[in-house]
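Working notes, beginning with the structure itself.
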Amino acid sequence: MRESWFKRARAGLITAAVLALVFSLAPNVYNNSSLLFMMMTYIVLSQGLNLLYGFTGYLPFGYVGFFGTGAYATALLVMKLHLPIGLAIAAGPIASMIVALVLGPLLRLSGAYFSIANLAASQILFIVIGNPNLQDITGGPYGVKIDEVYNPTASYAAMVVLVVVVTLIATFFRRSRFGQGLKAMADDPVSAEMSAIPVVRMRLLAWLTSAAVAGLAGALYAWNLSVFYPDAVFTLEISVFAIVFALFGGVGTVLGPIIGAGLLYALYNAIGISEPQYFQLIYGVLIVGLVMFLPEGILSLLTRRGINVF
Amino acid sequence: MKLKQFRLAVAMAAAALTAAGAASAASAPSVIKIGTLYAGSGNFAVASQAQYKGLQFWAKRVNAEGGVYVKAFNKKIPVKIVAYDDQSSTSTATTLYNQLITQDKVDLVVSDFGSVLTSVAIPLAKEHKMLLIDPTGSSAGFFKEKTDYLADVSIPSSAVWPMPLAKFLEQEHIKKIGIIYGSNDFDGSQADTLKAEFKKIGVTPVFDHAVPTGERNYTVLLHSAAAAHPQALIELGYLPNDVAFLKSLKSSGLHFPFVFTIFPGQFKQLMEKNVGADALKYTYSYPAPPMIKYEKVNLGMNTDQFVTAWGKTHKGAEPNFVNAGGYNAGILMAKAMGTSPKFTQLGMHQALLDMSGKITTVVGAYKLSPTGAQLGQRLPIAQFQPQKDGSLKTVVVYPDSHKTGNAIYPSPAG
Amino acid sequence: MSSEPILTLTNVAKSFGGLQVLSDVNFELKPGEILGLVGPNGSGKTSVINLISGVHQPEAGSIRFDGAEIQRLTPHARVKLGINRSFQVPKCFISMSVRENIEVAAHFSGHNADIPAILDDIGLTGMEATPAASLTANQQKMLDLGRALATGPKLLLVDEIGAGLNPAELTGIADLLKRIAARGISMIVVEHLMEFLNKLTSRVIVLSAGKIIFEGSLEDASHDPEVVTAFFGGAA
Amino acid sequence: MQALLEYAIVGGVLYGIFFGLVAVGLNLIFGVMRIINLAHGEFVILGGFGAYWVSHSLGLNPLWGLPLAALGAVVIGFPLYYAVVPGLQRSRDPEMLSFILFFGLAQIIDAIISLGFGPDQRSLPDEALGGGTISVLGQAFPDSWWVAAGVSVLAILGLWLYLTRTRLGFATRAIMANRDEAYATGISVDKVSAIAFIIGLALAGAAGVFVPYLQGSVGPGIGNSLTTTSFAILIIGSLGNPVGTLFGGLVFGVGSMLMQTFYASWSDLVPYVLLVVIVLVRPQGLFGKAVRHA
């Protein structure tokens, strides 16, 4: 009755393979690897945000909180405990999942209340981690430095792997009963309960997955950057970019966030490097225009023509 | 998945790459490319643009003379500045430094103003084996190990800035001291130095408080400080902090016998415009060139020449210290290119080291350590003393070698 | 059929923000039985259904289903035990097709549902691929019912399914509910339309201001002075 | 110690009253239209830049920024309302979509301010609002703080009178209570809502006039913190009730000042912690009836 798992996953496997190929070869063609790295980071973050927003309807405005938590967990474990970088990176998503568990009660809130409370929560993390009183523990506003493990090539490769992994997770969300259950919850949580869907548990699972993705992205970002200040990994701009990229491509799909992040981040650098202040204007207009005319993202232009978008 | 979908997936994923940009051309010896960043907005905008203007000023003058003399090619080559706006953001700066190095393939990288925006350039420069010319990033943390890829050229390491201040306070027997400082490398390392110096003479600050770098309202903090009754209140901040601090101090109606801030000594005109001469009177600061003059220089213009030349190209405006710092970075780079037998990063670094201790410029003595720190100039202490006509006179009160008058302490109230 | 009650409510009470919506509710339901639940607006009928289905939890009292206390269980756990409901305002998964609506419920409940049979029951055969969003309000009501049936319920709570239907449609629904009951599924039917209810059952409970004021046949209820006052007179 | 405590409390009351004004416009718009004006902070900033412009370019007293804010609210608010609000209210998820749309608007306003005024922080001359200090309990505060608090009380009182003593205000409250029923009773919902929208923006702009005094300066980029702080205050108070917002402002103001006085480096946490704790513990606010089942 249902297609085999391979048939269902095929689009995702192909997408992941193409992304892996593109980003593995790209540095040979274009060697600002910081830019390529950032593009991958935003693909991962947009997709991670999509896992929550696209499938459950919860828009995490403070998504950057998980990113920053992952970055700091990794950096501090290297600095303070001198853990090998691999272990320290593994701790990134764990730390962000712990934060997500603590913030779990926010999922009781609906819609905009959730978003704004999540935003406040990310600000709290930022203020606490960047607090001068905690300088001895977190480095406070003076930031952290792990240049002894600085390795742009290896961290780049790790980010390629993360892009693949997050594409496969999104494929699972898109093509599995689990994902269908999440969609049902987003449509109507009460009816979903009445379809035997364990709403609270599944929502928490999506929340944790989404947080872990951001935490891992943050961990790799910390490794790649090796010197950073709290505002570099907690700036609201990161949430904003992830939201705009995902919305632009189209949430609830696998390709949407990839296309949104890829296109817009490239545009950002085309315009943003020379005239950054115009970019904010363009983003603003883009958001307003999308909500008013294309709330499902650019991929909905295809959907409307009856083309099934993966 | 249908074939159509597959094609779509491939095309969309590939779009990211195509859009990311075209390959860049290799650098030609027909022009020397100097890459730098400036902040069009944010915390560091004002100071950063001042430094950038100083660098541009240098480039314009050099090009008017047919370019910079490069010994390795034995000819003059015009200079081109490649600059991007990092909006005071370290993450944007990271991408942009990388852009300068990998895409624009600049010949030399000059970091943006201040320690925060310089910090991210240091590992990048090291990774790409590029010499980072650092005009104003002076955090003590940068200069801990020997390196070939970092040279602080225009201002002393911020850890040594407050030494004369500590000595002056000791000389004046001021023992009850309050410190308010921005929590960033620049201000934090100065606060650390001050506290360490005080400790040596058995003084513990009666008020010691860090504020966020973005702090704009000191009203409440000033009342808390006043409750500790310090004789001297020292505020270490960036330019916007000093503006806000002095404004809050004035509107609060509080009075302290001795008030010190960093930036009025570098941006006196701007400060007078922003906070009023009234708020500045009797306060102390580090007077920086061109406020203090270096007449005998052996590289570039001396202070008076610099002020005059600047005025000619800037509608009569007076340059500030950071303008001079940007200019100074330019002339030192030019000197390095003019003396290094090889046009390589290591060659130019060696040339910068070889010049150490032999050169005085518009910002004073130049002395580069093997860790990249600048040890040349020490900043004196000056007080802004009101004159009969209501103007403020910058009186250098310490050390004796620069002294132009006596400090008025305690400052009269009202 | 056993004579043990499948559902027992004992001293159930519920309030919202200080307003007592139900107090001291006691009744039983036998397997395969259809019970009518009537009462004026705001008398607490839907609250009873919400408490049994787990959308809300009672402050006091117990709810036993199939021999076990369930008042602390989550709604989805109760669905797995065999309780389901329809909603007064249909709550379909509007981003999904008709078939997916039913599939999701069947999958998560673990019930091996006969989907073509359910589609046939609810009159949506041939519309499997239609998006739920483009169904008429009545069709959405039927889909809501179909979703409930897909979980293989032993007890079905039906909330004002007749509202807005014409007489022919009402007869059809009544026949359907009777067919479902004949399969051994117990039912509580909340309804305003007495004629419709009359076709389904003879046993009704009348609620007024959160209390049971009558239990018995519909015929007797219409002569009960307290019921008449609750519906037509006195303070609303 | 006691002097500091008194200082923090008196300061907190003034600061809090002012923040009541900052938040009250957001409250009105949310109450009437059920849309979250995430560009609220930016409208406050616009008010601040209006006052700066009036003061620096026209050489007038910055208080002329108040009528300018009202005028600006009409000029911006009227077309903005009809361009986006009715459409949003017909959409499938007005609350969430409005949230995103107004966020985009915030970005646009921020960018326009940056392009038009440059990136610098702007401040206003103290002398314009007196320049001296007024003391209560021996604690001196700048005149500007007292003026700001006074104007805030008047504005909030005015809004309260409008809502309780005028026909339009009555209609506004009817819409807050139940939009559909208001339609049914023949209230011209769009017109009344548009007026409420304009009043909301005008109040935000009016608050902005005093931001350079109370916050030290005004500049692009502080919008987010103003919006979240307003949201916290709105939730502490209650929806739709201007007096509740004043109360919320006081809780925030006094809390904030106490923290600034005794644990200054943690004081930035105040609005965020208040917000998170209150939405979790008591989503209906400390000072109101339940308006939303979360």
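As written, the chain order gives the labels A, B, C and D, with residue 1 at the start of each chain.
The definition used in the following text is that a contact is a pair of C-beta atoms (placed from the backbone, for glycine too) under 8 Å apart; a residue touches a chain by one contact, two chains touch by 3 or more.
Note that the coordinates shown come from a computational prediction; the quantities given were computed from them, not determined experimentally.
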| item | value |
| --- | --- |
| Remotest chain, chain A as reference, centres from CA atoms | C |
| Chain whose Cα mean lies nearest the overall Cα mean | A |
| Highest C-beta pair count, chain pair | A-B |
| Centre-of-Cα separation between chain D and chain A, whole angstrom | 32 |
| Chain C-chain D separation of Cα centroids, rounded to whole Å | 47 |
| Whole-Å gap separating chain B and chain C, where each centre is the average of the chain's CA atoms | 75 |
| Mean-CA-position distance for chain B and chain A (Å) | 36 |
| Junction residues of chain C - those touching two or more other chains | none |
| Sites on chain D at which at least two other chains make contact | 114, 265, 268 |
| Chain A: positions in contact with at least two other chains | 132, 277 |
| Arrangement of touching chains [line / ring / star / complete / other] | other |
| Chain pairs that touch, as defined at the top of this document | A-B, A-C, A-D, B-D |
| Interface residues, chain C side, partner chain A - complex | 53-55, 74-76, 79-80, 84-85, 87, 91-96, 100, 103-105, 107-110, 144, 147-148, 150-151 |
| Complex contacts: residues of chain B adjacent to chain D | 40-42, 45-46, 209-212, 216-221, 223-224, 227, 240, 243-244, 247-248, 250-253, 274 |
| Contact footprint of chain B on chain D as seen in their complex | 1, 3-4, 7-8, 11, 114, 118-121, 123, 126, 131-133, 140, 142, 144, 214-217, 220-221, 257, 260-261, 264-265, 268 |
| Contacting residues of chain A [partner chain D, same complex] | 57, 59, 105-106, 108-113, 115-117, 119-121, 123-124, 127-128, 131-133, 236, 240, 243, 247, 277-278, 280-281, 283-288, 290-292, 295 |
| Chain A-facing residues of chain B, complex | 1-2, 4-6, 8-10, 12-17, 19-23, 40-41, 84-85, 87, 89-92, 94-99, 102-103, 116, 119-120, 122-124, 126-127, 141, 183-185, 188, 210, 212-213 |
